[in-house]
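Across the two complexes that follow, subunit A remains constant while its partner is subunit B and subsequently subunit C.
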Partner chain A sequence: MTRELSRPKRKNPILRTRLATLPPGARSRVALGLTAAAARGAFELQVCRDCQAVQYPPREACQACLSSRLPWRVQAGDGELIADTTLAHSNDLFFRERVPWRLGYVRLDCGPTVVVHMHGDVPPAPARVKVGARLDKSGQAVLIAFPSQEVPNMADDRQLREFTCDPKFRKVLVTDGKTGIGQAIVKAIIAAGADLVWVGHAEPWKKFPGFDELKAIPQVSLMPLDLTDSKSVREIAAEIGGRVDVLINTAEVHRNFGIGNRRGVEIAQAEMDVNYFGLLRLAQEFGPALRGRAADGQSNAVAWVNILSVYALANFPPHGTFSASKAAAHSLAQCLRAEMRPAGIRVINVFPGPIDHEWNQQIPPPKVTPQALATAIVRALKDGVEDVYPGDVAQEWLERWRDNPKALERELSNP
Partner chain B sequence: MRRGYDDVVITCPVTVPYVRYSIRGGHWFLARALAELVKASGVAKASMDGLCVSSFTLTPDTAIGFTQHVGVSPRWLDYVPLGGASGVVCLRRASRAVQAGDADIVACIAGDTSHTDSFRLTLANFSMFARDAVYPYGAGGPNASFAFLTSYYMRTYGAERADFGKMCVAQRDNALKYSEALFKKPLTLAEYLDARPIAEPLRLFDCVMPCAGGEGFLVMRKARALDLGLPYVHILGTIERHNGFPADPIQMRGGWAVDRDDLYAQAGVSPSDIDFFQTYDDYPVISLMQIEDLGFCAKGEGPAFVRANTLTFDGSFPVNTSGGQLSVGQAGAAGGYLGMVEAVRQLTGQAEARAVKDAKVGLVSGFGMINFDRGLASGAAILGAA
Partner chain C sequence: MSTNILSQLVAELSSGRIRIIDLTQTLSPEFPQISLPPEMGQCLPFRIEEVSRYDDRGPGWYWNNFSCGEHTGTHFDAPIHWISGKDLPNNATDTVPITDFVRPACVLDCSKEAAANPDFLLTVEFVKRWEAKHGVIPTRSWVLMRTDWSKRTDPAAYQNFDETGQHTPGPDAEVVQFLVHERDVIGFGTEAIGTDAGQAQYLRPPYPCHYFMHGAGRYGLQCLTNLDRLPPTGSVIVAAPLKIQDGSGSPLRVIAMVTS
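Let's turn to the complex of A and B:
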């Protein structure tokens, strides 16, 4: 049984912080299909459209009938562990620092045999297991065998924690606590076991609704933080940057209107200043600090969460300038992800559908509640996924966008 | 009906001395192997009109770049990047070329260098499937793959670590009588059992030590060998099979099991006629599978067979009489030649203090290329003394 994680000891400041190493990240292009699914939290394998044979490892032609039509399809992952071993030695630096490391061969019920990392609660072979895909520290998909039934403290497994960004015993910065979303996230992350949550608020002279409640939470530390002010971001980064394990950027400006309904660019500039430039300022100041602590023991720096919008994928004209600012932020977040990957820091992009707040008043339900969004973010950290689309609207838009982006553009532009 | 090999023979077994690490490139070891063949045969390199090459560290070159490197102009050329199956497969290719008249003398060479980091790099880029679906899982290389096979085999057929230990200890005894072996000290069963774990159930002495070295032999017609005054052996039968039994969920048998009846029929012998067996032994479990799959006992009876026999060169069932890779070292692709070269030495009276008494018929087996979860290439040859 997995031993419950205990709170890490205070760090000796004289000891050298371990440098980040990554597991082998090279993959063939076709194998990136596994990564694409795992980034969304799905386990998919290629399935032959002509003969239904399930394929693994990923390949360019069906091993049964030579068909090249091999779409990726969701798999249940049930299978039998037929052999296991524990590496005491590895030729790779990342694993050399982490041995003993347990591995298995699993015969999936759907056909192929797969090599897997192992959750510590999987009994020795033979045993029933459930295989899932996770992103490893290199940002590439790997397969992990879990016990077939839930067990206590499952997320605390030493090997599993190398693939996830579980907030338990970690220190978190939530950049804006003024909004309902920010407050819901603070509460959810504390419920998930975070040690300390710094909560930013741009106008420290003003009390906002929920302020007193936040202030009363013992793990919360309120900080003045204005993402439109480079100096403010720099000062906070200098103060706490070296301790943040998870950064969740909740700051956002959201106004309605497209192009023709409003004169001037001030509102659009205000959206860009927080939604895009705010992210850029944060990334410049906090990015290097997180990268430097990516291998810092059990409670290392692990993740950066951006709350974008499903409108980042395709413009929603009634919220046209907001959509544009989120598209810009999405593009920048991809750059940030590329720059954080060499350290193994996960950049999680959250693409909610319309959130249930004042600027979406005219959008009919279903809308995502702040609590549901917060739950989705905690889940994403625990599963270590990269892209999250919380809410029915976001899911539907994602499906339409993956099916045909042009069709979605037309659908969204209909009044 | 498949043609026999008529009067095509193997001569001139040569070895380029093994070293743990070398600052040389793969080309150096292959060139030394070719030079050793020239020395051993008295045939100038210009008169060797066929060339067959196996290597991992020749990259970015293949056999063709090597021709210019060493200044040869063969009229027949082959590159056989099949790792542990290279020796058997090169012999098959070369002997048919000689038989058909496409070449008169084929130099078969295998060699690799070993730098402190070359083994890791070879593993990381070994194959598409390895890079995508094995290497990211602990980068354990073949150690991890064979740990799975070994643990499955032990659980399924009741093998004990001491069974594998007996094989390793016997091979070390053989190696003590082979001057090129890198391991010079005796190995006891206790040392084998207590060695440090690598990937359970595998421990240190279950795993080959990567090193640098080379091996080679010549293939020509018997008349030519007699002209040159070279001792030779006959090729009685050969098989190869790739990706045998793809539907097996884990490799408990190799391609030999598909073709062994064909092998013995070609040679006109049965397993009981075999005087020694050179297996491909990167891990003892795979030697055990070869003993089963090539018909010396039924599947799963390997452990009982090992317990009932002595496996040293002077024992009831001599295996890997020069020590095998486990005690000589694994010089990359040359590991796929080690058994072939030793078999020719045994059958031509060049095995010195480790000679198998009255050896007339020898079996050589090859196995290679752990592409994903199993070795894909397999082959075997039965050789007869002149």
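Let's turn to the complex of A and C:
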């Protein structure tokens, strides 16, 4: 049975902080299909369109009929553990530091037999298991066999924690606590077990609704942080950068303009200055600190969360300059992900549909509530996914975008 | 003769019999800027980005790029800033007469009143009482309203917002007209974020200092500091805005010359 995670002891400052190591990360292009699905939290395998055979490992042609028509389809993951073994020695640096490490073979009910990492509560073979896909520290999909039923403290399993970014006992920076979103995230992350939450607030002379409530939470430390001010970001990073395990960037400027309905560029600049340059400033100042602590014991630095927008995928002309700033932030977040990956730090991009706040007042429902967004972010950390599309609108746009980006562009420009 | 006067000025400066006092706040990212409702266009705060500092970006030199609004930090308001002054001649930072950049100042000490009441409004009666003591305000002088507001180094206390807006001292509508028409002042200066009071949108007309001063081609200075080091009369202010084409105002270094 998994032992409940306990608060780690304070670290011994005489010992060197270990550097991050990564599991083997090379994949063929076709195998990246598994990663693409796992990045969204889905377990998908190729299924032959001609003979319905489920494929594993990923391949170019059907192993049964040689058809090349092999679309990726979501799998339930139920199967039978047919063999398991415990790795006691490895020349791979990543596994060498983590042995003993349990591996197994699972025959999926849908056909193929797959190699899996094992949750500690899976009994020895033969046993019924549920297989899921997770991203490993290299950012690549691996398969994990879970017990077929939920067990206590399931998320606290030692091997599973190598694939997740659970906020429990971790220290979190929420960059802007002035908004409903920021405050909902602070509360959700504390409810999920975070030890300490630094909460940024720009322009401290503007007292915001919820300030007193936030200030009264014992885990919360409010600090002036303005993403438009390089000096502010640099100083806060110098102060707490070496302690932050999870950074959640909630700072955002959102105005409701396209190109033609407002003269001048200064609103668009304000959006870019926070949504794009703010992320760049944060990444330059906090990125190295997080990377340096990626293997710092149980409460190591693990994740970076960006709240983007589903408008980052395709422009929503009534909020056109905002969409553009989020598209820029999305692109930069991909760069950040590439630069954080060598340390195994997960960069999670969240693409909500319209959020229920003042700048979307005239957008009709459904809108994502700050609470639902916060729940989705905590879920994403616990599951270790990379891309999150919370809410019905985001889900629908994602489907349409994956199906035909050009069609979505037209649909969004003809409201 | 004029060479003589200037030599004398330099000699007096060197000897310390004329002292120079800096009335300027440091331009820093922390210094608060005027805040309008969020749906409106905003004045940018001061921001600074390092270009190089004797490093790979420029091995032998240090320099920065900075950005800010025309009304950031200690700054000058030109008549064109307000709609009432928009059609006046020579009303912008590049065209205001340069002789106006060096003018005498009268300093009205309202520090006790402002300490007791952050919404304190300067009145004609207050000015007349001051004049009874110090003499009539000379023509083409700056009138500087000392409130010690600049001693509020905490930005929240300096801005002094609550849910009804900002609470900072300033002049009432009547005194501004009195200063313009009866005393022919060159402009009005304050220590708070604006020449008008924090609640001045509720005065009639709204923002009377901006409305009447700029409407009459006069200037504003705000976010001043060290006014407590100036005598009530006898100081000379040097306040030259940047020569921004068609500019409505400009951050600037404001200095005062005083005799010891």
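Operating definition for what follows: the second predicted complex is superposed on the first by the 414 of 415 C-alpha atoms of A that agree within 3 Å, B and C clash if a C-alpha of one lies under 4 Å from a C-alpha of the other, contacts with A are read in each partner's own complex, and residues count from 1 in each chain.
Following the convention adopted for this analysis, a contact is a pair of C-beta atoms (placed from the backbone, for glycine too) under 8 Å apart; a residue touches a chain by one contact, two chains touch by 3 or more.
The structure displayed is predicted, hence computed values, not measured ones.
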Simultaneous placement of subunit C and subunit B on subunit A, clash or fit: fit
First, second, both or neither for A:Met154, with subunit B first and subunit C second: neither
First (subunit B), second (subunit C), both or neither touched by A:Leu332: neither
First (subunit B), second (subunit C), both or neither touched by A:Ile267: second
A:Ala36 touches, of subunit B and subunit C: first, second, both or neither? neither
Which superposed partner A:Gln140 touches (first subunit B, second subunit C, both, neither): first
Touched partner set for A:Asp92, first subunit B, second subunit C, both or neither: first
First (subunit B), second (subunit C), both or neither touched by A:Ala83: first
Smallest distance from any CA atom of subunit C to any CA atom of subunit B, in Å, after fitting: 38
Contacts on subunit A seen with subunit B and repeated with subunit C across the two complexes: none
Of all residues in subunit A, those that touch subunit B in their complex: 23-28, 31, 56-58, 63, 82-92, 94-95, 101, 103-105, 107, 113-117, 125-126, 136, 138, 140, 142
List of subunit B residues in touch with subunit A within their complex: 119-120, 123-124, 128-129, 131-141, 143-144, 147-149, 151-152, 155, 196-202, 246, 249-250, 372-373
Subunit C partner contacts - residues on subunit A that touch it in the complex: 203-207, 226, 228-232, 264, 266-267, 270
Residue numbers on subunit C that touch subunit A, as the complex places them: 29-30, 32, 35, 41-42, 44-45, 47-50, 155-156, 158-162
